[in-house]
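Multiple structures are listed underneath, in structure tokens.
Both of the next two complexes hold subunit A, though its partner changes from subunit B to subunit C.
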Partner chain A sequence: MQIVIINSNATELYVIHKILYQIKDIIYYYMSASENVRYIKIQKIGEGAYGIIYKAQDVQTEEIVALKKFKLSDNEGVPSCALREISILNQLNHPNIIKLISQIIINKKLHLVMNYYDMDLTEYLKFNHEEFHLKNIIYKILLAVEFIHNRKIIHRDLQPNNILITNNEPVLIDFGLSRVLSPNMTPGVTQLWYRAPELLSNCNTYDYAIDMWSLGCIIAEIALNKPLFMGSSEIHQLLLIKNIINGNEWFLHNSQFAKLNNLFIDLINVCISLEFLEIIIS
Partner chain B sequence: MFDQAQLTELSKRDKDKKLNFQLPLYIGNSQGVCRRDILVQWVIQQSQKFEHSIKTLELAVIYIDTYLNFFNIEPEFLELLGISAYSMASKFNETEAIGQIKLKDDFGKVLYEDQVYNEMEVQLLQSLDFQLNHVTPSDYLIAMGISINESISSLIMFVLMD
Partner chain C sequence: TSGVTTLLTNKSFLLPQKSDNPQSVNAYKKEIVTYMKEKSCRSNYKMNAFQFQTEITEKMRSILLDWIVDVHFKFKLDTETLFLTISIIDRVLEIHQISKSKFQLYGVTALFIASKYEEVYSVPHVKDLVYVCDNAYTKEEILATEGKIISLLGFDLLTTSPLRMLNVYQETAKLDQKNYMLARYLI
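For the complex of A and B:
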């Protein structure tokens, strides 16, 4: 009789142990899950050479975020654009620059978690807006670019697609191509329509001026509601720039600019500096 | 040209790196040479094969010191740390990406598996808190208007080793 009781006790203990172990496993599973599945991917937003961007939801705070996943190539390890983007974004804390919430590693792949906004400047300009909103956007973009230049960083990829708009306030994104100023840099950066003449002529000792050129193009685009130079190749782009900007008072000959305020034209003129172009032409 | 504004900006950005130099790797043996100095010397030697700027080297040494303060490392992985730090610095600072540098021994056999390099890079990133952008001595020199020639860069290398 007694033996039976002991036996039953043993089996009971065994069963309890097993259940406890199962509970422990389940708890561990969910603990690890909260790390790995903290962000649920909703849809793919964009794709580039660096990797894929997803719209995702944070399970803990139910916030919508953007997840940027980097491809890991065999020979390179962590890609250089990821290294630069993380280091640079961590140093920038400004209301008009995208905030890097965290960086996580899921399945040995590096993911950046950032705020999500659904409208960029190109889409924003398709609708009509009040003039003071547009002025505010231009002003805030200039402030943000001044902020990054003060920290010796060049963005190198300024274009309307990389400026998001939320509540009529601009936010600069995509620092994948940006880097710290150094004496020697690659000329193949920035989208063609916004590329400065020094880049088009394959110069590798440029500085902050290339960002200012892109800004000039963007400001002109906000004012005219269409891109200023729409080249199809590097040579075509240079020709377009040369045709539109000839001489110091180029905007007087161009009917597009007739309706604009003089001060505004001055601003564009300062950004689209002619100094370098004159060197090429001569 | 001596640029005062740039200098003050640099020293504002330059954070004091809290490094503990009392670790076993920093304490010299009977001849007064410590493992960390040997490692840095080896990295400098390897870096001569590439024509990279001196800043890359300075960054690599900062990464190595940060990692050594953060993790305990087995002696056989010291070379891996050195080469990973150097390839990360070159990826961050150089124009043309060289990718990961793989080590081979004298007989052409690989020293570490490919997977190990990736793990090392991730660990290094974590120890650095994903921050690769640091102010280095050569930044100050450029701000002071001193052109970095061969003798200056060998002087910097000498400082790095100590």
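For the complex of A and C:
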């Protein structure tokens, strides 16, 4: 279809716009009927090892959704992270955990359809917020993590980028790395800054404690407005942890924790418990 | 007897320790057991599957499972994977008509899906699976069947295996090593 505009003035443009607007639904209808396209990609949001995330619009309900596209390799079929993510997300029904609307196949590629939220915790923390909202967010995150732990699932990739915020309510996303607790697991999970010491020392029989460590780092980040440990490599990260946390009363010697409430410090301290580290060192 | 000693020295057959094992996550035990019971009720094996199937008989299922156990041992996979494979095969048998010639294809694909879901490092490659089937099926057939099984089950792969239930029960019942091995043999 080609539209050539000659001598365009305001009224003509208005008429053309009106016509285009009227036939928009018809075009969408034909596209969805001929190619089985229900979602139209608007823009790319993120990219990872597993695939690409798009912002898209549902043609039928005009709802904005997030599409997560998985790379399907010719040799190995459906990737295992997709298998785990879909089967786990199907089980989880909680207001603070992302809902999987459906899974579809477009052009022989697997797409997950999920709700779209435009802000994650990192961006949210760039603005000033009331203490009440921040406390609410921490509480809701803890509830969501308890919910998945009660189902014997470890998230294994908790970080501010994987917590989306909508109307001051957090939503947990990205279960691509999560799995059911088993005696033998790979230690190469979680982003480096939020990685627990047992993972850094290459232990493969860990448990929920790694999620709690990430949560402690996230809570401290909410309180301090900057990440707690910013290591550049695994060794550097371990050194940072060792320097900051030294003994049970570590927060007393650290000036940046002085302004915080005692209860808050207790919460962080419980999450970043050093029991495991002592076992490893001894 | 050498087989028995290797079994006994194999670490995964040891009794899971209670007190010093952080993986037993005692704080969450009550909720986890409730959830596992709820799940296992749903995934019960129904007896009417063979009345529904026209070509597959119970004897053929047991032959297929024997073969799966062999393959599973060759690939050195986890015990949990075997239980998940059997659960997938049974659930597919309940809802989908399978012809006699395609039954082994469904079995090997179930093993493929289960190992992808459960294993850490040793996921078998498709070409190895084609080889263990003695080239009876092609790579494309396995991949196509994989998509079919997954859509039949609606991605519902989280099941409670008898092994997981046993591990929970043995902690409450305080079984010793000998009785634990007996129970593992029985399931």
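Quick note on the criterion: the second predicted complex is superposed on the first by the 245 of 282 C-alpha atoms of A that agree within 3 Å, B and C clash if a C-alpha of one lies under 4 Å from a C-alpha of the other, contacts with A are read in each partner's own complex, and residues count from 1 in each chain.
In the analysis below, contacts are C-beta pairs under 8 Å (C-beta built on N, C-alpha and C of every residue); 3 or more make two chains touch, one makes a residue touch a chain.
Every value quoted in this text rests on a predicted model; they were computed, and no experiment measured them.
J.: Given the alignment on subunit A, is it a clash or a fit between subunit B and subunit C?
T.: clash
J.: Have a look at where A:Ile45 lands relative to subunit B and subunit C in the superposition and call it first, second, both or neither.
T.: Neither partner.
J.: Have a look at where A:Ile106 lands relative to subunit B and subunit C in the superposition and call it first, second, both or neither.
T.: neither
J.: On the A-aligned overlay, A:His149 touches which partner chain: subunit B = first, subunit C = second, or both, or neither?
T.: Touch status of A:His149: second partner only.
J.: Is A:Ile86 touching the first partner subunit B, the second partner subunit C, both, or neither of them?
T.: both
J.: Name the contact category of A:Ser182: first (subunit B only), second (subunit C only), both, or neither.
T.: both
J.: Examine A:Ile64 and indicate which partner it touches, taking first as subunit B and second as subunit C; both and neither are also allowed.
T.: So A:Ile64 meets neither subunit B nor subunit C here.
J.: Let me test your reading of the model: by the given contact rule, A:Leu240 touches which partner, first (subunit B), second (subunit C), both or neither?
T.: A:Leu240 contacts neither subunit B nor subunit C.
J.: State whether A:Thr205 touches subunit B only (first), subunit C only (second), both chains, or neither.
T.: The second partner, subunit C, only.
J.: Is there a shared patch on subunit A that both subunit B and subunit C touch, and which residues make it up?
T.: 75-80, 83-84, 86-88, 90-91, 103, 150-152, 180, 182-186, 204
J.: Which residues of subunit A touch subunit B once you look at their complex with the stated criterion?
T.: Residues of subunit A touching subunit B: 72-80, 83-84, 86-88, 90-91, 103, 105, 108, 110, 150-152, 180, 182-186, 204.
J.: What residues on subunit B touch subunit A, complex-wise?
T.: 9, 13, 53, 55, 87-88, 91-93, 95-97, 99-100, 114, 117-118, 121-122, 125, 130-133
J.: Tell me, which parts of subunit A touch subunit C in their complex?
T.: 75-80, 83-84, 86-88, 90-91, 103, 149-152, 180-186, 204-209, 276
J.: Please output the residues of subunit C touching subunit A within their complex, sorted ascending.
T.: Touch list, subunit C to subunit A: 12, 16, 22-23, 25, 28, 31-32, 35-36, 78, 80, 112-113, 116-118, 120-121, 123, 125-127, 139, 142-143, 146-147, 150, 154-158.
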